[in-house]
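Shared between the two complexes below is subunit A, which has subunit B as its partner in the first and subunit C in the second.
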Partner chain A sequence: MSRWQYFLRRLLLSIPVVIFGTTITFMIIRLGPLDPAAAILGPGQASGPRAEELRRQLGLTQPLWEQYFDFMLDMVTFNLGNSWVISSGTPAYELILIYAPRTIWLGFWSVLIALFVGIPLGFYAGLNPNTFSDYTASFGGIVWRAMPNFWLAIILVSVLSQSEQLIGWDWKTWLITTPVVTPPRLGFMTEPLALITNPSESWPQLLGAIKQIAPAAIVLGSSSMGNEMRIGRTAVLETINSNYVETAKAKGVSNRTLVWKHVFRNALIPLVPIITGEAFLLIGGSVLVETVFAINGIGYLFFQAAIQGDLPLVGSLMFIFILILVGTNILQDFLYTVIDPRVGYDES
Partner chain B sequence: MSVLTDERRERTDGRPLLEISHLQTSFYTDKEVIRAVDDVSFDIHPGETVGIVGESGSGKSVTARSIMGLIESPGRIDGGAVKFRDLDTVRRFAKKYDKRTVDVTDEALAEAKGNDAETDADAFRSLVSKKDFVFVEERNGDEITAGYVDTTRAPDGAMRNVRGGGIAMVFQDPLTSLNPVYTVGNQIKESLRIHRGLSGQAATEKAIDLLEAVGIPDAARRVREYPHQFSGGMRQRAVIAMALACDPELLICDEPTTALDVTIQAQILELLDDIQEERDLGIMFITHDMGVIAEIADRVNVMYAGEIVETAGAVDLFENPRHPYTRGLLQSIPGTQGPDERLRTIEGDVPTPNEKPTYCRFAPRCPEAFDACDRVHPVPVAVNEDAADHAAACLLYPEDRSREDAVTLHDEQGKGETDAKTSGTTTGGATSDGTAADGGDTQ
Partner chain C sequence: MSNTQQVDEVPLTQRIRENPRPLAVWLAMGAVLIALEFGAVFGFAADLLSVVISLIPGNPLPGVVSFLESLGSSIPTLLSRETIPNQGYFNGSGYENTFLGLEPMLAWLVRVVLVYLYAFLFLGWVWNGYVRFRRHYRYADWTPRDDVVDRLRSHQWGQFGLIVVFLFVILAVFAPALGPTTVEANILNPYSHTVQFWNADAGAVQEVTVGQANLQSGSQGSGTQNVGPWTYDDFGRFHPFGTTTNGKDMFTFLATGARISLSIAISTMVISGFIALALAMVTAYYKGLADLLVVVSSDSIQALPQLMLLILLMVVFNQTWLSEFYDGALLMVMIFVFGYWPFLWRAIRGPALQIAEEEWIDAAKSFGQRPWVIMKKHMAPYVLGYLLIYTSMSLGGIIIAVAGLSYLGLGINPPTPEWGRIISDGQPYVATQSWHISLIPGILITLIVTGFNAMGDGIRDAIDPKSAKGEGDGNTEAVAGGSGA
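What follows is the complex of A and B.
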């Protein structure tokens, strides 16, 4: 089986995974202790004719299998329904469009920071093992990795809010005036062309959005950054001591080719699942950081929907999370397929 | 073929292709200094296969890596010289590194001697500066007709050129010596590009030729496959093809058949034999398998704890092993005993050579050890007067002398050598310790 056939098979296999995940979601929200009628009507009114009427209106009295098929059909056709509680009557789709970009913006920068700081540092440490710079990088990596998200976030918010008094340098007015907390303004995302047609207005906006998300992204990316550094270092060390690197040296390959051709690509293989694994973490881990920085993102929305029994919204968000997870898995398989020719190799 | 042979012979002019003299490689750990290769000397001639045998930890692989310049920290070459006498390489380097080329021709030596140097070795030292690594021994007009490159002194750039180009190496484990993420063809072509500047279609064709030459069927398809699609024996063939890509003069094989099963092992040995005949390669063959050595080597060096303890022609060595260690090795081959006899072994382990030897390192395990073995370090001597080609570093030899005489001889020669080394007057002269460079550095 060639590696591309293997990839295609993985792609097809993801379909049952999505269906299975969505089914489980349905079971949890419908068979769990959530009572949307009580949530809508308020505490103490979970029974009585009004509640019954409401349940009938919401379709909760229909047979379960019928509800299941409706739910599944709605999900796969992206008919996400309206919110019941959080913002009654607003389509879930619209709510997600408001909240999701903030999380994506945050996730994008935290993955980027982890990738472009963690991996190069780790590779550098691995290429210069047991030197002062290696120890510095490794020690920094451990410390960075060990700081809990919520703690680092609070410290950062506190320091940045009063940076003028503390270190005589005002973060809020540096480069462009932005608040420390509250969601970044992402208006430019809807009109990316404005960056070219109207640069004087949209570029400062972009800069402001980046500056505002930076502390949160650093906090969220910090643990991944430490992880990637440590694993990158180990991977490089392992590769550089492997026999094929010595063979290449014995062939007269220059040091630069040795590192970029023979070491780099092999060292990336163990890093792929780490990187994609961190993308998962960004969905779950972002709730804490979003709360501290008051970035009302998708994690915040999900949390609110779940505790308030907003079934359509919880279902839609879960479905989207499932799609994201399966998507990252596919991306991981794709990266594997590109980097490692042994993928999909069948001994038979 | 014979034409090629003559041509090559002519190129080294009867001199060895590779001359290793008093090579000393140590590893500096926090705990101790391990003298992994301790004063090793031997030659390899074109078309000759020199076997190096010994147990694990006897310094075989470190010797090979020292030749290739692949010793890495905490290891270091402390002394001695590895003289690579390929004339093409010498001429090319003399042109490219003319500032680091030195004439040590007879005339130059005589002139230096006329100035202030007393002995030949002094004269040599006065000529050579610290950075020199290309040595010209004979010139015919402007053309260099004899000389060598000392790989222990060569800079990294020059060594990269020698590696793969002049001296190639095949490693022990074929399963891991190919990079798993590139095709076999890609890795062969890498060599061709570095040393011959070949690329594109020409390189691919050459790679296919090479794979065919090492007996890989359907090479045109195989060249595009990845290492994991090759079997173990095939991979070792591919590694050999890679080593041969740039037509090296010397092939170092570091236990190339150890990881393979016996039938494949025989095939690979046969392949090496064919290649050697075809190209008149010098081969240095490292193994711990006496059976393999018997099959392939012309000459055998037995190594123990960083030293060569016995050296002889292969037939001679197997018929008349002289050093007690060699005898022990041969007796521990299964099948050499009677039906009811237990397999003999050498008791104990190879010691870690971590100090300057003032005794015989094999003495604690030696069945024939006597008092003197603990206080006199044996040096290689001819085993008797008739056998100039068979030497053993053991106090029992030369066997035609009385034991006291022999011990005295070893004692004196050992001392003489130590003195010579500390004062920097080794016969080769090209020690890479700082003292050798003083003469040339003064303005």
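What follows is the complex of A and C.
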């Protein structure tokens, strides 16, 4: 099978995955014991004429298969419906537009921090194996990865809130005054041109937004950072000991070319699934980290929607997450197909 | 190792009969070890029996269970709080009701040290049994499994993991004996139990209910409202890890919490491991449509964000009868199994497919062996090692996820101890003098997750020394990362 055939097959396979994943979501929220009418009307009012009326309005009295096809059709055509409980009557689309930018900002920085700290550290450790700095970096990465995100977030919030008393250095007023928790102000995103036209006002805003998101991003990126470091280290160690590097060394390739051209490129291959896998960690982890840092992003929105029984919002958010994750998987396959010529030759 | 291969091979029982001494010595050692803890073993068996009997409709034997339980608690046990009591009081000149009149801290320490000593002796006994079997009863001088064991013996990082995990398992198993007090007296029904203490102002021994004592020994950050780790509270009670916000003993809480986390993690991994293994066998043997179906369904479950799927399922099933069992632990296990089997199946699918291509599978098929037997006898044993690696790596992720869910207020119902809930309770006090409430459970989780990962590394290197290569490694790393909690 050629590489592109392999990629095409993966692409085709993602269609049933999206459909089936959405079906699972439908089954959980509609067949599960959660009663949307009770969630809207409040506890203790699950029966009675008002609840019946509401059920009829929401289309819950229709036969199940009809509900299912309506749901799937709505999702596939991006007709995401309205929120029922959290913000009754507001389209889910609008809510996502309000909440998503904060999560994207958080995700962007946590990916960046993980990439630009984890990979260089891992490569450094791999290039200097079995030295003190290698052991320090490796052990740090292992422990860093084992720490529960939410716990790390709690500790960081507490320490930063009182950094003046605890370590004699005030985080809140450092560089620019920002609170430790609460969402960053992302006003500059709507008019990025202001960064050029009105630098005195927008740059501090950007700086403040970065500073505010940094602790949360470090926490959210922590586990992927540890992963990237460990994989990076093993990958470099492996390529360094491989025959073609030996050959290159023997024919007199300079050290710099050797590292950049022969070692790094090949060591990046096993890092691909780790980097794309970050999407999973980010979306899942956003719930806890956003809860601790009081950032009302999309993870927080999902959590609130779930515990308050806002079923259509939960379904729509889940569908969006599925699309993002399946998209990331396709991206991973694409990257593999481009980078690694061996793809498609082993069937597993 | 199967003893049907050689013609002149005698069965194991006969080999033992010819040379019974090593086995007899080993059994005698075991008998001594078990006799020391016979009461606990008996009590455990009685508990198990009572669970089984309560499942039978009609409750046929109401008296038997309570009789067995009372019998179990009346048998003296070396490592129990009755034999080595630490809950005494100061009577003005010395300690009463503690072990040898020691102060409560020392009495508790003696018990902890003895419990761990016993546990390590037990471990040594099991190891000794393996060595004896290898030396006296096994035909082969060498089997591939010996190499696995030897590699593990020279793998220090893996041994570190094994020891951490072992310490943690002992903490969970001996939780009732290790705590300075009991869950029943200190956490569940504090107002039906009393403690005696030395009131220095009155110069006399006084009695107070545990609930009242708890109220006055909570850790809430400010001023006198703090009982830190390794201190006594005003009522002469020793707290190795300090107290919680409402004055309950943290060590007792954490030890019981360890029990719950560990049982959830292990039962999840055992069940999803079975599902993954069965599916891997079927998909690798039949391939084609079976494989495609499982690929699509596992990909679909994996395409749902893990933690959010767990949250959603937790919320949906929260008020149902399922959440009643074991304070919601059963529901958690079911949800985790639903979310985790695809990862395990994915991880062992490759090795299973490779094994299915081997010649001996063809040979077995050609002489008409049944598929079920081929899968069980000729395929499963080769995949089991990989499964072991991935399960031990995922255990840490599950422990983190359980804590994360209960931090959010989902999962194990209060007041049953759970680590995530205590972290959430202590959240407002992290930067105060009551830092221990959130910090200690977090450090313990970090330690145990590191331990599980290290153990997984060790097992991986021991089972397949060549497997520590790029892509395979990537899979284990991704699994070990957990669900982002």
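Quick note on the criterion: the second predicted complex is superposed on the first by the 336 of 348 C-alpha atoms of A that agree within 3 Å, B and C clash if a C-alpha of one lies under 4 Å from a C-alpha of the other, contacts with A are read in each partner's own complex, and residues count from 1 in each chain.
Criterion: a contact is a pair of C-beta atoms (placed from the backbone, for glycine too) under 8 Å apart; a residue touches a chain by one contact, two chains touch by 3 or more.
Quick caveat, the model's predicted, so the values are computed rather than measured.
*Asks:* Please determine, from the superposition on subunit A, whether subunit B and subunit C clash or fit.
*Replies:* fit
*Asks:* Touching A:L11 in the superposition: subunit B (first), subunit C (second), both, neither?
*Replies:* neither
*Asks:* Figure out whether A:I167 sits in contact with subunit B (first) or subunit C (second), or with both, or with neither.
*Replies:* Once the two structures are laid over each other on A, A:I167 reaches no partner at all.
*Asks:* For A:L112, select first, second, both or neither according to whether it touches subunit B, subunit C, the two together, or no partner.
*Replies:* Touch partners of A:L112: none, neither subunit B nor subunit C.
*Asks:* Could you say whether A:G252 touches subunit B, subunit C, both of them, or neither, answering first, second, both or neither?
*Replies:* Only subunit B is touched by A:G252; subunit C is not.
*Asks:* Could you tell me if A:F150 is touching subunit B, subunit C, both of them or neither one (first, second, both, neither)?
*Replies:* After superposing on A, A:F150 lies in contact with subunit C but is clear of subunit B.
*Asks:* Quick one: subunit B or subunit C, who's touching more of subunit A?
*Replies:* Ranking subunit B and subunit C by residues of subunit A touched puts C first.
*Asks:* After superposition on the shared chain, which partner residues are touched by A:L64: those of subunit B (first), subunit C (second), both, or neither?
*Replies:* So A:L64 meets neither subunit B nor subunit C here.
*Asks:* Touch test for A:N243: subunit B only (first), subunit C only (second), both, or neither?
*Replies:* first
*Asks:* Angle subunit B-subunit A-subunit C between C-alpha centres, in steps of 10 degrees?
*Replies:* The C-alpha centres give an angle of about 80 degrees at subunit A.
*Asks:* After the superposition on A, what does A:L97 contact: first (subunit B), second (subunit C), both or neither?
*Replies:* neither
*Asks:* Can you report the least C-alpha distance between subunit B and subunit C in the superposed arrangement, rounded to whole Å?
*Replies:* Closest C-alpha pair between subunit B and subunit C: 14 Å.
*Asks:* Taking the two structures together, which residues of subunit A meet both subunit B and subunit C?
*Replies:* In the superposed arrangement, which is not itself an observed complex, subunit A uses residues 269 for both subunit B and subunit C.
*Asks:* Can you name the residues of subunit C that touch subunit A in the complex?
*Replies:* 295-297, 299-308, 311-313, 315-317, 319-320, 349-350, 353-354, 396, 400, 403-404, 407-408, 420, 423, 427, 430-431, 438-439, 441-442, 445-447, 449-450, 453-454, 468-471, 473-475, 477-478, 480-485
*Asks:* In the complex, go through subunit B and note every residue touching subunit A.
*Replies:* 68, 70, 160-165, 168-169, 171-173, 176-183, 187, 190-191, 194-195, 226, 228-229, 239, 242-243
*Asks:* Show me the residue ranges of subunit A that touch subunit C in the complex, using the header's touch definition.
*Replies:* Going through subunit A, the ones touching subunit C are 13-14, 16-18, 20-21, 23-25, 28-29, 32-34, 142-143, 145-152, 154-155, 157-159, 161-162, 165-166, 220, 223-224, 226-227, 230-231, 234-235, 238, 269-271, 273-274, 277, 280-288, 291, 299, 302-303, 306-307, 309, 314, 318, 321-322, 325-326, 329, 347-348.
*Asks:* Which residues of subunit A touch subunit B once you look at their complex with the stated criterion?
*Replies:* Contacts found on subunit A: 242-254, 257, 261-262, 265-266, 269, 339-342, 345.
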